[in-house]
Each structure stands twice: as structure tokens, then as C-alpha cells.
Amino acid sequence: MNGEPDRAGKAAGIEPFVSVEHIVKRFTTADGSLVAVDDVSFSVARGEFVSLIGPSGCGKSTLFNIIGGLLADYDGAIRVGGEAIRGTHGEIGMVFQEESTFPWRNVLENVAFPLEIAGVPKGERHERARHFIDLVGLGGFERRQPSELSGGMRQRVAIARTLAAAPQILLMDEPFAALDEQTRLLLGDKVLQIQQTLRQTTLLITHNITEAVQLSDRIIVMTYRPGRVKRIVDIDLPRPRTSAVVSSTAFGRHVAEIWNDLREEASRGMRDDERQLRGGAER
Amino acid sequence: MNSSQWGPSALGLGTAVATAAVLEALIRGGAINAYIVPLPSQVVLAFERVLVEENVVHRFLLTTAETLVAGALITVVGIGLGVLLHRFRLIRAACETWVAAFASAPVVLMYPLFLVIFGRSATTIVMMGFVAALPPVILKTLEGLAGTRPVLIDVGRSFSVTRSQMFWKIMLPAALPTVFVGLRLGLIFAMINIVGVEFLINFGGLGQLINELAERYDLPGTYAAIGFVVLVSVLFFYVTERIERWLRPA
Amino acid sequence: MAASRMRRASVAIVRAAIIAALLAGWEALARSGLLFRDVVPTLGAIARAVATLVSQPVFYVNLGWTLGEVALALVVGGIAGLLVGLLLGGNRFIGRAFEPYLYYLGPTPKIIFFPVMIMWFGVGPASKMALGALSCFFPIALSTAAGMRQIDGVLIRVGQSFRASTAQMVTKIYLPAMREPIVNGVRLGLGVAVIGTLLAETKLSNRGIGYLIIQAYSTFDMPRMYATLVVLFALAIGANALVSRFSTDHRRR
């Protein structure tokens, strides 16, 4: 377990594949300048599953948008395979927290969307889409409309769609947040399965500690605003993460440790909110 | 479940029939002048007469054709202008309130002006329907495009879509339900104004029929014709409602 | 902030540019001789006609007639619409029995009822007012009925717990709770009442703004027709804006 922000990758000698370097993001609000992300650096090795966890207001959604390329105005650099990128990039696939399937397309057309954009002919793109639909366990649902599916199934469609673009890095922003606990667990398992099969480099943004420990190789813990890397935790638990692993003491220790970190940050956040409210009331 | 549906419908229908019966009695009894309110029974008879003698099918087709032409025009021009206003934010900020204000103005009062410009012809009628029906189509198209859920735009951006792809593959499909609402509103406005102007300028199909019967002092005929036109417009409203609902899941 | 000030300035510039372009195009068309004389009069001719129009007492007399007809139409149609709406919205059974009739009869051309109105009310202002009332009855009734149904049930139970009479329930609970949908219905009603009354005036009348328009048409005094339409539209849009402000002001409170 590391206490220092880790810049060189998981173990000495492994090339970082994605490198997030000294990201600083400021927003101008009505009350002045707000620093959402303050000098955040970390890296993800090829095939690694890394989670980014932090209290509300730590800037993790901002980081999601920056790494994904939806925000291009920031200080610092993002490198993929050594090359610097800024703005949306085909190498980075994004899965959003909200409902993001196209309601006017059926499952097959939804998943085939990135291939359609790239100009892949119909027959081929439908075949490739079917492969990913099977991968997320929705085989047989190709002709269904999203309105006929449950929330969890729709998120699976969104994941399949992003994977269909064959991105080098899969970036997910709390994709299971809108789902109930059971669906969450099952979907988490599914995503892990897929990630292991494809050896997909994955960065997951979440606020759920158990989920993060269950799925990740490493966890980056963020501070409350302005967001910095508080600590990076190596999750050296064996794979596959069976229920035996999940109920082990080692697992519990990781969870407790991160919980302590987050509690510290979350209470700072609450004190901050209270101070703001009190200040507002006095005005 | 079934009884709760039958009850209200029976009351509604029953009241209509009862009112007609009471009217019939009052008129026969002399309490109401038969030269002002004709006997409901005579109106029913006139219905058949009007349908047979007055070339109603031909008139209906004429009015429908005028409405459909106006409908085609508002589809092309209305959606086109809506897309244009959405694309150029500055022009939208400048003009949107103007379009909304135009929607609240008594546009159909310009029909004497159109009479001068286009003469007493079907062109005047179609143009009047077109102009009156344009604002809701433009406004709903704008509303639909502007109301695209931001996450869908983000999905497009994350896949690096071109501007054209973003419009045709994401924004327009997302806006289509609202656009259809606008088209339906426009079609209804067009029909109402078209029939009204037909009546006013005594030219055209169904509206003209009423005017003619009124000028002939054919009382039961006039009432029957008005009833028929109301029926047609109710049917038109119902059919467009059905079509819109059928297209909605898309 | 500086950005929004710049924004408002650019919008103003675009508006001015569009207006200027339209006016220039109009003037060019008017002077080109492409159309039959006076179908598109010059801007100067129209401006003069407007000035003449608003300086003539006959304009104000006729405006008074129209305003009177519209006002009465709104009162009659409005009160009838309000009462019927309250009844339909308050009683589910009656609502289900009769509201579909209003819903489907609403979007029909009302001007075709004018011959009937003439037979019942004569050729004077009463028939125009009747047509206006018929026009605005439907949107007001339907908005009121819908407004009744969306009142929070808790408020009704509060009134009942204090054993308020029907009149008190209506004036102290229903109507205040329905301010927004009623004002909206009145705004719609005003629009169609104006249209209905004016169209009737153009068909058969010797008074009112509609009459002035047809008079200009039959004497082929095009500048006067344009002038009357311009003034009419300005008044109608202004009245609509006034009523809208009335409803937003209430919302802010």
C-alpha cells in the first residue's frame, strides 16, 4: 500500500499506458474562481482496472470529462501510449452515469452506432455489434427498443456500445449509480468478467467503496475540493474476486482503510457546506 | 372498469339526445320560432339532402387538398426555419420572441389583403392556412432541437461525430417527437383557418357550402352543413391525434 | 457582466439589421412596379395612412365598438367557461361525460356558426359578441377543468375540514390555487375572442375594426388597409404581452 502519489505505475518497470499529469482545472463562478482539480497526477498501466474514488465535490466528474476529452480547457497533460491528447479521442471510450441509450434506435442499432459513424458497412457493423451484445449478456435482445428494457439492461447496452468502438481505455463515470444494489453487484461482476477477457484498460469513477475494492487493481482516493490525490492503494487481492475473496479479512481491511480516508474528506465537505450556508444566512 | 366507462358516455350522449328532444317539443309547441331554430328532425333530414345534392364529396376533397398543401408547406418551411434558428444562436435570440408574438396575433385577419394579392382563389385559402399555421411548427422544432438531452450530445462528442452526424443522427431523431407535436398543431390551425376563409370569401369546399346554404336561407340545410363540417373537423383532429400517438415511440 | 452586455448588444444589432433589410426589401418591391399598383404601397404611403387613421375620430369610434364586443365576449364566454370548467373539473363523473365534447369541439372553425348567430341575435353587435363568446368559451372551460384537477388534494381537505361553504371553497381555495392555468386560459381565450369577433365584423357589420378593414378593401384603399392591419396587430400583440406579464408577475410572488 502506498502513501505517496504514485507516478510511475503499479510496479517498478511497468510502462504507464495512460498518464494523467498535473491536471489543474479552475472554474469561474459568480463568487470568483473555484479550483475543482488541483495538480492531480496518476497513471494506469495497460490492462489495469483502476478506480477513482472520492466524496461528492472532489472533482471526479470534472476529471472524467477532462480525461474523456469533453473538457479541453485545463492545465496539465493527458498522455495515451506516450502521445499527448486533448479533446475527444477515439482511443478513449466513455460510459456515462445517466440514461444514454438512443431511445429511437433498437439495441443492435445503438451498439452499432460508433461503427456506423466510422463508416463501417451495414452487414459488418451489425455482426460486430452482435459480438458485443453477446458479451454483455444481452444476446437475443437485438431488436428490442430501449424502452422495453430495464435500467440495468440499458446500461449494458451503453457499455456494449462503447466497447464496440474498441477503445484503448474504457472510462466509466458511476455507471451503476442509478441502479439498485442487486443489479449493481451483478453488473459489476459482468464488467469485471469482460474486462478480464478483453484485458481492457479501465478507469472507473465511483463513490462505492465495496465496488471499488471488488473490481480494481488499484484505487486512487481523492480529497475534497480542491481535488487532489490523497492516496493510492494497491489492491493485492487474488483474482477472480469470488465471494470468498470479498468476504475475506484482507478485503475488509482495504474497505475500512479507504472508508476512513473518505470519512475525513466527507466531513471536511460537510463543514464547508455548513459554513457557506451560515455565511449566506447572515447576509 | 367497464361500467365506469359506460356511465359517463351514456350521460353525455343521453344529454345530447334529450336536448334535441326538448328542442323539438318546444319548437313544435311554438315556444321557439321555427324560423330561427329549425326542428332537429328537419335538420337530420336535411343532412341527407345536403350530402346528396350539394356535391359534398367533391367539396370535402377540395378542402382536404388545400389543407394538405398548406401542411406540406409548413412542414418544409416551418421545420427548415426552426432548424435554421437553432443553428444560428444569435438569430434565434433575436427572432424567437418575434415568432412567438406573431403566433399570438390575429393573422387570419389579413385575408382581405391576400384576396387583393392572390384573388378569390384556392391560392388565397392555402396561403392563409400556411401563414397562420407556421409559428407553432417553427417554435416546436426549435423546442425539440434545443431540448436534446445533454448526455446524448456528450455520447456523440465522445465518439467524435462530425457536425453533420451530430445533427442528423442525434439531434433531429431526438427532436422528432416534439416536431410531430408542432406539425399536428400546425395542421389543425391550417384546417381551421382554411375552412374559415372558405366561408368568408365564399370560395372553395366545405366552408363555402355553409355560406351558400345560409345565403339561400335554407335553415335546416345550413344547420346540417355546419354540423357536418364540425364532424369533419372533429374527425380530422382525432385522426391526427392517433397518427401522432402511433408515431410517438419512434 | 461584460459578456452578457455584449450579447444583448449583438442581439439588438441583429434585430435592427433584419428589420432594416425587410423594410428595404419592401420599399424596393413597392417602387419596382412589378406588382399591380398599390398592392405593395411604399413605406411612406403606409406611414401616412397610419398617421391619418389614428388621427381620425371614426377610427376610435370603431375601435370602441370592437373593444366593447371583445370585452363582452370575454365576460360572457369567460364566466360560462369558468363555471363549466369548475363543474367538469370538480366532479369526475360529469367531467368524463362532457369534457370529451369540449375537447373535440374546441379545435373547430367557429366562424361557420356566424349565420346561426345572426339568426339568433340579429345583424348588430350582439351577433359578433356571441361569436366571440362561443370562441373563447372552449379554451377557458378546458383550462379551468384541467386546473381544477391539478389542485393539490390536501388544500381541498383543509377547506372541508373548516367546513367551508361551496362559495367559500370556490373563492378562497379553488380560484386562488388555479390562478396560473386560468390566466393561461384567459390569454388563449382573448386571442380567439379577438379573432372571432373581428372575422364576424369583416363578414357582416357596419361597425368595428373588421368593418374598417373591409371598407378599405372594397374601396381598394390599400395603404389604409395595411395601416388598419398594422395598428390592429400592434394592439393585439401588446394586449397579449400585457396579459402574459400579469401571469408571470403572479408567479414571482
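Some points to look at:
Which chain is which? They are A, B and C, in the order written, and residues in each are numbered from 1.
Just so we're on the same page, a residue touches a chain if its C-beta (ideal position, glycine included) is under 8 Å from a C-beta of that chain, and two chains touch if they have at least 3 such contacts.
None of these values were measured; they are calculated from a predicted model.
Note on connectivity: the fewest chain-to-chain touch steps from chain A to chain C number 2. Averaging C-alpha coordinates per chain and comparing to chain C, the farthest chain turns out to be A.
By number of C-beta pairs in contact, B-C leads over the other of A-B and B-C.
Taking the mean of each chain's C-alpha atoms, the chain whose centre lies closest to the overall C-alpha mean is B. The distance from the centre of chain A to the centre of chain C, with each centre set as the mean of the Cα atoms, comes to 55 Å.
The geometric centre of chain A is 51 Å away from that of chain B, both derived from CA atoms. Inter-chain centre distance (chain B to chain C, centres taken as mean C-alpha positions): 18 Å. Across the complex, chain B is touched by residues 7, 10-11, 14-15, 18, 35, 39, 93-98, 100-101, 104-105, 107-109, 111-116, 119-120, 191, 194-195, 198-199, 202-203, 210, 213-214, 216-217, 220, 222, 225-226, 229, 232-233, 236-237, 240-241 of chain C. Residues 149, 151-152, 154-155, 157-161, 165, 169-170, 173-174, 176, 249-250 of chain B are the ones touching chain A in the complex. By the touch criterion given at the top, residues 68-70, 88-90, 92-94, 96, 98-100, 102-105, 113-114, 116-117, 145, 147, 162, 165 of chain A touch chain B in their complex.
Listing the residues of chain B that touch chain C in their complex gives 7-9, 11-12, 15, 35-37, 90-91, 93-95, 101, 104-106, 108-113, 115-117, 188, 191-193, 195-196, 199-200, 207, 210-211, 214, 219, 222-223, 226, 229-230, 233-234, 237-238.
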